[in-house]
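Pasting the structures in now, so scroll down.
Look at the two complexes coming up: chain A is in both, with chain B in one and chain C in the other.
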Partner chain A sequence: MSRRGVVRGVLMVLGFILLLLLVWEGAKALGGDPWRFQDGSGAEVVYRPPFDWPVTSDRALPHVWTIWNALSSPVQRQQTQTLGEFLFGAALYTGREALLGFLAGAVLGVALAAIFVHSKTAERAFVPYVVASQTIPILALAPLIAFAFGNGVVGIVIVATYLTFFPVTIAALRGLAASDPRAMELMRSCAASKWAIFWKLRFPSSLPYLFSALKIAATASIVGAIVGEGNPGGSQFGLGRSILNFNEQYGSGPEKLWAAILAASLLGVTFFLIVRVVEHVVLRGRPDADMG
Partner chain B sequence: MSEPLTVTPGAVRMAVPLGTRLRRQLRYNLPAIVVFFGVLIFWEVMATVLDLRQFILPRPSAIGAALIAEWPTLQKAAGNTLFEAVGGLGIGVLIGVAVAFTVARWSRAREAILPLAIGISAIPIIAVAPIMSNWFGITNPMAKMAVVVLLVFFPIMINVVRGLTEVDARAIELMRANAASDGEILRKLRLPNALPYFFTGLKVATTLCLIGAVVAEYFGGSSDVLGRVIVQSSSRLRFDVTWSAILVTAVAGIAFYLLVVAVERVVIPWHSSLRLLES
Partner chain C sequence: MPASPSAPLSIRTSDTVVFSGSITDLLDEARANAGVVVEMKGVGKIFAGGKDGLGVEALTDIDLSIRRGEFISLIGPSGCGKSTLLRTVGDLTGVSAGSVTVNGKTAQQARLDRDYGMVFQAPILFDWRTVQRNVELPLEITGMSKADRAAKAKAMLSLVELADFAGHHPWQLSGGMQQRAAIARALALDPSILLMDEPFGALDEMTRERMNLELLRIWDRTETTVIFVTHSIPEAVFLSTRVVVMSPRPGRITKIVPIDLPRRRDIETREMERYFELVTEVREALRAGEGAALGASGDVARRVAAEGLGG
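On to the complex of A and B.
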């Protein structure tokens, strides 16, 4: 992607965020609860929206500035830590778990694909179960995993790994099998070992496939970490726990839940962008790279 | 498709006798079947020999017994969860296809929306589940459906846009040269081209919709749903019930997926991905 393309992409995303804010506050202005603000002379004015919709009440959809202000106010009464600081710490915690799960899932996925690509029998025997494993909602396994591995980070990382390995396995299997048959012939005729063929031909040519899966896996690992933390007895820290806690306190402060969700989204986008940048560096100069 | 001389894959399939076909299928799937029973027996034997504590990993026979004992509850829960999943899938597919047609029609909109869609799909949707519960009411199935809609929308939309736009340029050229209208190009070229892409998206969406429904149930709501059965039974340490509910969820998911594959075979029997499966 050229520098201009990057600038355009950033502008487009900023434009979209602006549009979202406009729609958000537009809906509030049409059907939200009345609100007060100070006009130019400092006098207080009450704005009354023409309609009254349940979905745009202050409880269901807080004002953008309410959420923004909540970030700099204390997370609980009588605490010095602000909500913003608290969420940043929680995001770091969750991000660390997700990163571990992501790495484990990526390695596991590539390893499985490497086995499958070398043995048709193994592929036929296990791939149906790899696919079937994804019809089991991870939530269902999360309490069992937490029970088996305790309440620590290990259980949460396993949940994140479970969500990450599947897209990687499938894409790597495709990528490892998709190397140029002429290059394969050439290496075979030079008596290259399977090991050499794997590292010098199969693996490099699978990278574009691998990266499109890693981009999916990046978000999946965050979802896994959040679900893992949400377990009864999962974790005391992290975004998953915060989302559950703020959900219970929704009545007294809906903006806290919104801020936590915002933090989760930002973490997801950050992971995605990191993988995207690594992809850009690794696949530089390749004509077949899918830079979508 | 109706030209008499073309040999369609369906015709080839008919030519092979049924018995041979079944035998071939069996031989192809033999490793998977062996693994299935091997793991079951290994599990049962190990659990008995090592005397694993029942609540960590119940024996397959215990899970089977729980499945039979709890069947009325599980059946009701599965029905409710499927209702949420299928309802959400239906709404999500409708919205996804509608947006895809709009986006595909205007190329400028496409340029702007596709990168954004990728960015938005990076947001963990489950985080929105509590908000939906607050919008629609925690016991309202609509709250769960809304989560499913958000989950299935993007795979459907992105795939349909690809299908409508990644059309052989020469084919468009040919139709234009023969004075075909935009409507005709859409009906006779873009729509058939988009169908395989649509089914790819739909297959992703069918597995997502059940998972989405169960995960949304996680954040509370009526208790007659699979997600609540799983959470509640595991918190009571009745892991045999938990596993039987997991089994029901997985089987429902696989059955739903196979249903879509079957529909795909009927609707687009001409597509190359299906022919590859035959050989």
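On to the complex of A and C.
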């Protein structure tokens, strides 16, 4: 990626955020509750949107600045910790679980693919189960996993792993099997072992496929960690628990739930970008390294 | 007393045993000493499939003996089995009949012993490795130490005059340079046989002629045995010590043309009287082979006409 490419990327992200804010507040300007400001002298200024839409009411969709201000307010009455600090801590906690789940899922996915690519029998026998595993709703499975592995981090990491390994397995299998057959012959002519063929040919040539899946897996691992925390036997900490708690308190402070959602999506974007950067570093020196 | 070929035999000078074994062993050893690198006897190859499910006969009754240091070109029209022949020598495909002996071993053993260097029509360099690391690939597979690998790769790259491009990635090189890198990689293990399957087929005519000269220079310096598949008559004549002319349906050797041009060859060689005579000889051999193949299919046509295609 050239420096110009980086600048363009950052500008695009900023532009997108600006567009989102405009649409958000634009919708609220068209319909919903009255906007109240204080002008320079302290007198109240009221703006009344022309339409009365329930979806853009302050209760359903708080103002952006209401959410922003909530971040620096105490998370609960009589507490010194701000909502922002609280959510940052929760995001770190969830991020750690998601990272463990992501790594476990990536390793499991590549390992399964490595087995399947070397054994047609194993592929035929087990790939249907791998696919079937993803048809079970994670909401049904998460409590069972928590029941089996306890309320700690382990159960949550397993949920994250469960959502992560599937795209990695499928993409890695495709990538590992897609090596140039002529390159395979070259390895054969050097009497290369299966091990050498895997590490020197199959695995490196599968990396572009693998990274496409890892980018999906990065965000899926966070969904998994949040679902894992949120289920009845789940965690006392983390974004998943915060989302459930703030959901219960929605009537008194909708902006808290929105702030938690914002934190979860920021965490997802961060994960995605980290994988993107690693991809860029690992695939540098290849002709089509930057495929987005 | 008449000795059977496999009966034990010993040869002595006074009290020292010079040789002990059977006559077959003795013959094998004699052959090895005579410098036979590749010995093909009655080799046939049938691929599964074909219209009638009986398989496609790619090679039939191939007898060929290649001595150390020779440069053998295999030439013939598409489908004559020249690539298949090369691949049976390199154990990239098995034989259906006959035997291939390489350095006194089976082709498979020779491959496992890394007696071959392969160069294909496409360079098949790994994009994620630099040119130098591509040349190091076979050395990594043999488990050579890092320092030795680097030194050997450097030497090979100098040999093909790519030393200045060691740190480049393959896709930053021209087609001719990529193929030179592939040759350096094939030579990295000091193979006794270099197998080249239309290595310059994808290059333009000018680059190709330059690569021909380079290959002769490398062959001269490494003293390896080369088996070279090509479509080009001038290329075959210019490079080879012998040109093996093949013909299709089924693939077989129709003629072997010894090339008695001086060993040192350069641009001038391509303008020698003898060079043109040899080009003509190979061309006529190819045409004769083609005629024979047409004749053979003509027979089939006549037979079908006479017997019908059956109920």
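Just so we're on the same page, the second predicted complex is superposed on the first by the 286 of 292 C-alpha atoms of A that agree within 3 Å, B and C clash if a C-alpha of one lies under 4 Å from a C-alpha of the other, contacts with A are read in each partner's own complex, and residues count from 1 in each chain.
One rule holds for everything that comes next: a residue touches a chain if its C-beta (ideal position, glycine included) is under 8 Å from a C-beta of that chain, and two chains touch if they have at least 3 such contacts.
Owing to the predicted nature of the structure, the values given are computational and were not obtained by experimental measurement.
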Looking at the superposed three-chain arrangement on chain A, would you call chain B and chain C a clash or a fit? fit
Just checking: does A:P137 make contact with chain B only, chain C only, both, or neither of them? Give me first, second, both or neither. first
In the superposed model, does chain B or chain C contact more residues of chain A? B
First (chain B), second (chain C), both or neither touched by A:P128: first
Looking at A:A264 after the superposition, I want to know if it touches chain B, chain C, both of them or none. Which is it: first, second, both, neither? first
Which superposed partner A:E185 touches (first chain B, second chain C, both, neither): second
Once the shared chain is lined up, is A:T219 touching chain B (first), chain C (second), both, or neither of them? first
Determine, under the contact definition given at the top, whether A:A196 touches first (chain B), second (chain C), both, or neither. second
Look at A:P204 in the shared chain and tell me whether it touches chain B only, chain C only, both, or neither; answer first, second, both or neither. second
In degrees, to the nearest 10, note the angle that opens at the C-alpha centre of chain A toward the centres of chain B and chain C. 70
Pick one for A:M12: touches chain B only (first), chain C only (second), both, or neither. first
Once superposed, chain B sits from chain C at a minimum Cα distance (Å) of 15
Those residues of chain A which chain B touches in one complex and chain C touches in the other: none
In the complex of these two chains, what residues of chain C are touching chain A? 90, 92, 111-114, 116-118, 120, 122, 124, 126-128, 130, 137-138, 140-142, 169, 171, 189, 195
If we count contacts the way the header does, which residues on chain A are in touch with chain C in the complex? 180, 182-183, 185-193, 196, 200-201, 204-205, 207, 283, 285-287
Listed in rising order, chain B residues that touch chain A in their complex are 28-32, 34-36, 55-57, 112, 114-116, 118-119, 121-128, 130-131, 133-135, 207, 210-211, 214-215, 218-219, 227, 230-231, 234-235, 239, 242, 245-246, 249-250, 253-254, 257
Per the touch rule above, chain A residues touching chain B in the complex are 9, 12-13, 15-16, 54-55, 59-60, 121-122, 124-126, 128-129, 132, 134-141, 143-144, 147-148, 215, 218-219, 222-223, 226-227, 230, 232, 239, 243-244, 247, 250, 254, 257-258, 260-261, 264-265, 268-269, 271-272, 292
